[in-house]
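A short write-up of the structure that comes next.
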Amino acid sequence: MTVTTDTVVATSSRRRRRPVSHMVPWLFISPWIIGFVAFTLGPMLFSLYMSFFDWPIVGERTFIGLDNYVTMTTLDPQFWESLWITVKFALLFVPLNIAVGFLLALLLNAGLKGTGVLRTLFYLPSVISGVALVTIFSWLYSYRFGVLNYLLGFVGIDGPNWLGDPSWALVAIVFASLWGVGSTMLILLAGLQAIPRELYEAARISGVPAWARTLYITLPMLGPMLLFSIITSIISAFQQLTLALLLTEGGPLGSTYFFAMYIYDNAFKYFDMGYAAAMSWIMFGIVLLLSLAVMKSSSAWVHYEGEVRGKKGDKS
Amino acid sequence: MTRPLLYGAAIFMAALFVAPFVWTLLTAVKTEAELYTFPPSFLPETWRWENFHTAWTKLPFTTFLTNSTIVVVLSTVGQLFSSSLVAFGFARFRFPGRDVLFVVVLASMMIPWDVKMIPLYMQFNFLGWINTLKPLIVPAWFGEAFFIFLLRQYIMSVPMEIDEAARMDGANSWQLYWRIHLPLMLPALVLVGTFQFMNAWNDYLGPLIFLNDQSKYTLTLGLSMFKGLHGQDFISIAAITVVLCLPPLVLFFFAQRYIMDSALGSSVKG
Amino acid sequence: MDLMVRNLRKSFGAVEVLRDIDFHIHAGEFVCFLGPSGCGKSTLLRCIAGLEEIDDGEIRLGGREIDHLPSAKRDISMVFQSYALYPHMTVAKNMSFGLRLNGMPRDEVDRRIAHAAQVLQIEPLLGRKPKALSGGQRQRVAIGRAIVREPSLFLLDEPLSNLDAALRVTMRAELAALHARLGTTMVYVTHDQVEAMTLSSRVVVLDKGSVSQFGPPMELFHRPANLFVAGFIGTPQMNFLPARLLRAHQDRVEVEVEGAPGALSVPLAAPVRLAPGAPLTLGVRPDALTLGLEAGPQVAAKVTLVERLGTESHVLLARPDGTRLTAITDAPRLPGPGATVTAGFAPEAVHLFDETGRALPRCVSPEIAALLDSAPSTAAMAAEKVTEEV
Amino acid sequence: MTKYASTALSVALAGLLPAALAAQEEGTLRLATWDDEESLEIIESIAAAFEAAHPGTDVQIEAYGDGYDTKLSAAMGAGNAPDVMYMWNFPAYAASLMPLNDFIERDGAEMDIDDISPALLDVSRIDGNVYGMPAGFTTHVIFYNRDLLEEAGVAEPEAGWTWSDLREKAAAASDPENQVYGFAVDARPDPYDFEQFYWSNGTQFISDDGTEIDGYMNSPEGAEVLNMFADMIASGEAVALNIGDDVSGSALFRGGNLAMFEGAMWNKGGIDESGIDYGIVGLPAFEGKPVKSAINSSAVSISADTDNPELAWDFVKFFSSPEAVAMRVNDLPVRASVAAETGQADDPMLAPFFEMLEVSEGTSPAFLKHEDWARMQENLSAAIEATMIEGGNAQAHLDDAVRRSARFLR
């Protein structure tokens, strides 16, 4: 079926065959297509279907049309509160995650001695499973028995009640999630490694200062990997669940009651799968729009060495 | 920038990142009473190394380790192969619908897992895969959006002329993938391998939902069994956490130099 | 083998980048594709290589139609501007990759690598990876990778553009020697006319996607077929002045140059059919623009800059209407900036172009005519009827 | 001595009688529990005893710890529930559970159903259908540290005491400078457990018919309860739990940092291990009002989709039989006979639990009365937490909770 569409597009009236057979690209991406249809598309459509139902996890299901969507936007204050908390979190987390990841990658790329060990150490928190990390953080942040405030006490700072104070809890979660910056760091580091040394040498010879080399060479050349990190950071910010679920349980006073956690509660606490599915689709829509906006803007700042030529011809 | 400043920053950051791990390690060898003292006691009074053995034998952790290893190895091999193949397809061919399909790839990352879960469960149940390791392994053989995206970004930073040179040398698309791009992707593949390893190793929800029988449990499920509805066994959790961290850490320590060993860069430009 | 391109057309979407490309390169020739960036020369090369699909026309190599074949089946090697060496393979592996893919026996592969390495003097580098090579060494490896396949045609895409000036001169000579030694047909893309003039037996000048002129270097210089070629070949650039036809004779025309009183009688190689009063463009190379000439029509201009280069000097002039002119002179005494001078030109040195930019058949001096006739391909070219004027 | 003898006898009897009947019932029985590694051993030994009595059956234990609800809902949603499972949230799962009325009617006499406290059966009854058989339970009591109270110079609490007694003792025992607290107030309690204070103060979360929360959840008596706890935190008599750290009251108590602490049977094992010299007393009453405790029961239910209901019922029956109940040493026996035989009812360290069970009969927890209680309860939790953080103002917070919950009562 896919092959037919391809032939139609090959408008050339001539007998000539393309250098690369039409089938080949599809063969390469076929694993994903099969996997997508088998393990993602079905569940996805099913959840869309569920979102139009009052769908308790057990018992009678009733079709209610758009009621779930109407209820959440007009009657459920928690929907908007959670959405706003998640947006605040994303606004803090995404830039910090990228910035810290980038700075660490730069540090690892500076050619220091013992870089191998440093890399492992920086990555260490990402190796620890989410559940264990939460346990560790609850000890670190603990108001009474916590190491963090104990250490702050040494420098004369009376540490806040990190997880108990509604105005600090979100910040505490942002800090805790930054411990997992290791993956972003590695991705950016791999990107840094691919930047030709000559570019720096040329710039150094022409007397460009270090900060300017970073700004005008590193950042643009890192474009593809930065784009990747930004989009995946946005996605993970919106899907943040473990920390809220296990570290603060959404509190105090609901100040860390993330959107994803509200979805989770709807599904597994209130057993309202229809409502949870509808909320998921709202979140899906928001994240998709954000990502597309970032992708769209990226053509202005991302440069691909190996971009497939003849982009304009693509549309025909 | 001056070197000493850089070293200072590096050491500070390293300390910050290692602290939680050290804290876990120290917790693992304490007694429970020592956990709740203030000021916090950093070093245990006596180093109770036997806590590790005790925790490990409280539950059949050797079985859990076997299961985790099977899942991690098989899913990582599958993930490396399939994701690189698909990423190559997206990065190096033009075909109608490619860009739309790629947006679909991205979009598939954005669906919250909890909602996909019940339909997936039904499907695996229909296939007879519940209470087997298959749901944790097979999907990895069909590529995952995150990795496809990552590898595609990497491939796209390889100049197109390399492909053209290989085509002129007589390479067909498979040979181009297998003999040129796969070796060139090595740093990114190590990344993907690391991430997939970590995801599979630390996955909790997947095993929880798809496995029933203790003989099929993975390490994380075993770990979570120290946490009941009322109260938890902190010392055992800490001990198993430390053990759980070690294999990926050792592996990463040896794998990471490949991430730095990018053949690309200075080699292709004049 | 000979390369024939007929009526080739290529578009990217709505943009037509190549049209009516038509030429024939003889076996063993070294031909350059020359033109400014964006003229389509690289695309043309890539079409021949099979890296771009053509929309219409045909490409034949040694009489065999190759335009429908995948690159690897075309019996062509290509050297890329960036060299495009496989970063993860050693020099030896880089060169042998194509041979091994084609299932060539091991000992034959080894023999060819050894031979190429010897020719290119890269034997000590065989075990290294591209990362550990200098620019010039990478260049040699890229060439080595192309020659081991012993193709019928070499394509080179600006292979020297990434080298520094000194190395470029050396490599240029080596390329010429290599061509002499291998005797294989070579097509070479460049935007550097010095490379084109020094290396090639003939040059294809491309302008905005079509062939502007195809001929030996001296032919392009002395008998440019149109305004574009005249302006593109030669440094400094040819001077152009608006003119008008006064009268056309059998073997010459009388021309009036705007702003220069009097008529200039220019000899022609063949009669032209133009009505008196037809607008013309008069071209004169800087070395034929004489300052302070006593006789003949002259234009007045103000000196803006004098560049003394030692053996000669460039005098930059501006006419009252803004037209800029350049004169090359070896006179030791020169007017300073701001001085008004008159510039004249010998009738036999001028080029004339009609309203469409096409050159009027120029009559060259006997010495130059002899030079042009001695060019190896002139006869063939004449037989070929290469009239590429747009 | 008697305990072991009777257990052995019962096992023998139970093994002999049904064995003949059950001989043809073979197969695998899936049993899901929320037990953690510590309590799992007990279930395993009960299952082993059942397997011994039913040759050919294999009980596959599936322990999900605190992931229990996630796992169970996924399995049920997909129609692949375990045959037998631990259960407490009957309203949420009832549609997938098998009503046991017919079985009980048939075998009630044989299993001596009257031996099981009616208060425990009430918890698993919805619209007259019993969905689970209780196997173990706990009520809530006050644990007190003898040494700390003695140091403070106050008498040990006795049954029949009141909250003002408790506050007095707590104030005396508090020494925050040295990390010693008189009492612990959980700022984020499980509302299911918290309703005992509402009951004890003469009110409840929701009306009996489940249609009204205004005047219940936010009744003056309810606000009084919340304000009292907030005041205990503010005055320093009590330490607040779950604000800023997840150190539990039982951990503080085990560490000797807490004089009195409200807890349940699940805390007792750890406290015994800690070696603290402690006593147990029933919950204090509000002046002049009868005291009530929440009842937490572990019941076992049968999936409505099970392929083998008879075998599953056999197992459930066995699970609440005297011998199995006696094996459950980590909670309290649901059978009065077992409590009496083992001497647990007279053990001063256990008696208060049974006393609390007796006085708590007739209470009906809110979640049985309205299907959307879980959502309303979230607002109530927020109100409790806000009151504790703010140190009072309960009425406003509760009114807000009622307002936000109103839409679920439509």
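Order as written gives the chain letters A, B, C and D; numbering starts at 1 within each chain.
The rule we apply is simple: contacts are C-beta pairs under 8 Å (C-beta built on N, C-alpha and C of every residue); 3 or more make two chains touch, one makes a residue touch a chain.
In this text, all values refer to a predicted model and were calculated from it rather than measured experimentally.
Fewest steps needed to get from chain A to chain D, stepping only to touching chains, is 1. Counting only chains that touch, the fewest steps needed to get from chain C to chain D is 2.
Of all chains, the one whose CA centroid is most distant from that of chain A is C. Distance from per-chain Cα centroids to the pooled protein Cα centroid is smallest for A. More C-beta pairs touch across one of A-B and B-C than the other; that pair is A-B. Note on chain placement: the centre of chain A and the centre of chain B lie 15 Å apart, centres being C-alpha means. Chain B and chain C have CA centres that are 56 Å apart. A straight line joining the Cα centres of chain A and chain C is 53 Å long.
Separation between the centroids of chain B and chain D, computed from CA atoms only, is 39 Å.
For chain A, residues that reach two or more other chains under the stated contact definition are 19-20, 57, 144-146, 267-268, 273, 309-310, 313. In chain B, the positions touching at least two other chains are 35-38, 117-118, 159, 162, 167, 204, 224, 227, 264-266, 268-269. Residue numbers of chain C whose C-beta contacts span two or more other chains: 50-51, 70-71. Chain D makes touch with chain B in their complex at residues 30, 34-40, 60-68, 70-71, 73-75, 77-80, 82, 179, 247-248, 250-252, 254-255, 257, 264, 266-267, 270, 274.
Note for the complex: chain A touches chain D at residues 56-60, 75-78, 138, 141-146, 161-166, 249, 251-254, 265, 267-271, 273. Contacts from chain A toward chain B in the complex involve residues 2, 5-6, 9, 19-20, 22, 24-29, 31-32, 34-36, 38-40, 42-44, 46-47, 50, 57, 104, 107, 110, 112, 115-116, 118-133, 135-137, 139-140, 144-147, 150, 179, 183, 186-187, 189-191, 193-198, 210, 224-225, 227-228, 231-232, 235, 238-239, 260, 263-264, 267-268, 273, 276-277, 280, 283-284, 287-288, 291-292, 295, 304-310, 313-314. For chain B in complex with chain A, the touching residues are 1, 3, 6-7, 9-10, 13-14, 17-21, 23-24, 27, 35-40, 82, 85-86, 88-99, 101, 103-120, 123, 139, 141-143, 146, 148-150, 153-160, 162-163, 167, 173, 177, 187-188, 191, 194-195, 198, 201-202, 204, 220, 223-224, 227, 234, 237-238, 241, 244-245, 248-249, 252-253, 256-257, 259-260, 262, 264-266, 268-269.
Against chain A, the residues of chain D that register as touching in their complex are 69-70, 73, 76-77, 92-96, 179, 187-188, 242-247, 372, 374-375, 378, 382, 385-386, 389, 404, 407.
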